[in-house]
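Here it is, the structure in full.
As written, the chains take the letters A, B and C, and residue 1 is the first residue of each chain.
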Amino acid sequence: MTVDHEKELADLKAKVEAMGPAKVNKLSMIVLSGDLDKVLAAMIIATGAAAMGMKVVLFFTFWGTAVLRDPKKTGEGKDFMSKMFGWMLPRGRNKANLSQMHMGGMGTAMLKNLMKKKNAPSLDQLFEIAEMTGVEFKVCEMSMDLMGFQRKELIDYPHMDYCGVATYLAEAQESSVQLIIS
Amino acid sequence: MTVDHEKELADLKAKVEAMGPAKVNKLSMIVLSGDLDKVLAAMIIATGAAAMGMKVVLFFTFWGTAVLRDPKKTGEGKDFMSKMFGWMLPRGRNKANLSQMHMGGMGTAMLKNLMKKKNAPSLDQLFEIAEMTGVEFKVCEMSMDLMGFQRKELIDYPHMDYCGVATYLAEAQESSVQLIIS
Amino acid sequence: MTVDHEKELADLKAKVEAMGPAKVNKLSMIVLSGDLDKVLAAMIIATGAAAMGMKVVLFFTFWGTAVLRDPKKTGEGKDFMSKMFGWMLPRGRNKANLSQMHMGGMGTAMLKNLMKKKNAPSLDQLFEIAEMTGVEFKVCEMSMDLMGFQRKELIDYPHMDYCGVATYLAEAQESSVQLIIS
């Protein structure tokens, strides 16, 4: 190896090492909002990415956690505040409202109707596709605690786990696509 | 080449190959919102990036598509629902409202006034700059269908195309900057 | 060095060079919203990233700038419009409201109460942690001008600077994680 080549190799090595954590073919998305339009967008992007062979991890936090509630399940031994939040927040994805044009429910109903008519996938269908394609759900523990939600109140979803902000950041650092739906 | 150098080269090669799709100097941004403040932010970032020599692709989806309507154009043969949505959604970028402090139009008018006074670029000017600097618009076909918008109702913009989520993801994977305005 | 190795080295070099600006271990986040829930999310992610050893830069723009107001400070020689905006926008982070369920202040008060009870860090505490961990704040000059805010009205924060969109883009291009809270 000539001196030139040695230098070339060393330079290249230094450049690659300065690049920080390598990116892999993965989508990390925070779902901060629980609005119907925004959760729809998140799930369409997520299932689309999974269909393309990307690894997909969704982080449900704050309002987003309410989307994961199972309307048929209830918690136990809740304090007054947690009960209040439980009443006020949507009981699961089928109670999510549009972020605008909700109009007392009319706009939201109109959109759902339209989606059915145009054969756009519903949230129920998108959650099924997510399950089949291995989309991972990670739920923010601090949000669960704040909203007073218990794990037993959430939907049955095989790829669901609980986590904090450090887990999100570690995943995001190596994800080739990163989004937050707020 | 010594054995050490050979190993060094092989290691480096493996590391680079594990890096997933290479990033290029590009901004991919989803415009999910049609609110004045958010579309302004999107267009300021987009034209700023184009001015810096970045390739820029904006993906208009859901409420964002209404921003691209041309108020002087109308569709044809629309069903009742599509007509309803057509009436309710803003007719183009100059009818977009603030996401907060709209106050029945007063807040939005105040901001527009202020922008003129302070010589901040208007949405009209930002769209012109985007056109001149080659910012690409890609419009979500599923959203167009849902909102009942027809292609003939949108503004004339030379770098406009229609697409689905797969196109967005392919672009985002190789973009050094990725954002979603929601 | 054999011909094969030379080619290997040249190929690798070309591949690395096509990769665009190298990413470093950094979080760039735009804070476009001034809503309590969204600013909380931004600050939790930011301080979490700083705790993990990432460099963190927050870009405060539009509604986000109001979060940086110091309620004990006032500006000087403001025109009518700037005064109006000054009255209408929240006077600092402790006046920020929830983006939904604000309910005339009740929802926001409930959440703050709950956060205290559950030992979740308040915005005040998160700003302190940000200061200690060296989180940088960059404030959008165009937004300051539009909102009529003067630098002397903002909080004392040692790592605060003013900038435009080009600064943001330059930082984002080399950041391994990029988000916008809108």
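Assume a residue touches a chain if its C-beta (ideal position, glycine included) is under 8 Å from a C-beta of that chain, and two chains touch if they have at least 3 such contacts.
Not measured: the values here are computed from a predicted model.
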Chain labels contacting subunit B and also subunit C: A
Rotation, 0 to 180 degrees and nearest 5, that superposes subunit A on copy subunit B via CA atoms: 120
Copy pair subunit A, subunit C: interface residue numbering same or different (half cut): different
Computed distance of Cα centres, subunit C from subunit A, in Å: 22
Contacts with two or more other chains, residues of subunit A listed in rising order: 1, 5, 9, 12, 16, 19, 23, 178, 180, 182
Subunit B residues touching subunit C - in the complex, by the definition given at the top: 1, 5-6, 9, 12-13, 16, 19, 22-25, 27, 33, 37-38, 40-41, 44-45, 48-49, 51-52, 54, 100-101, 107, 110-111, 113-115, 117-118, 120, 176-182
Residue ranges of subunit C in contact with subunit B within the complex: 1-2, 5, 8-9, 12, 15-16, 18-21, 23, 30, 32, 61-63, 81, 84-85, 88-89, 142, 145-146, 148, 164-166, 168-170, 172-173, 178, 180, 182
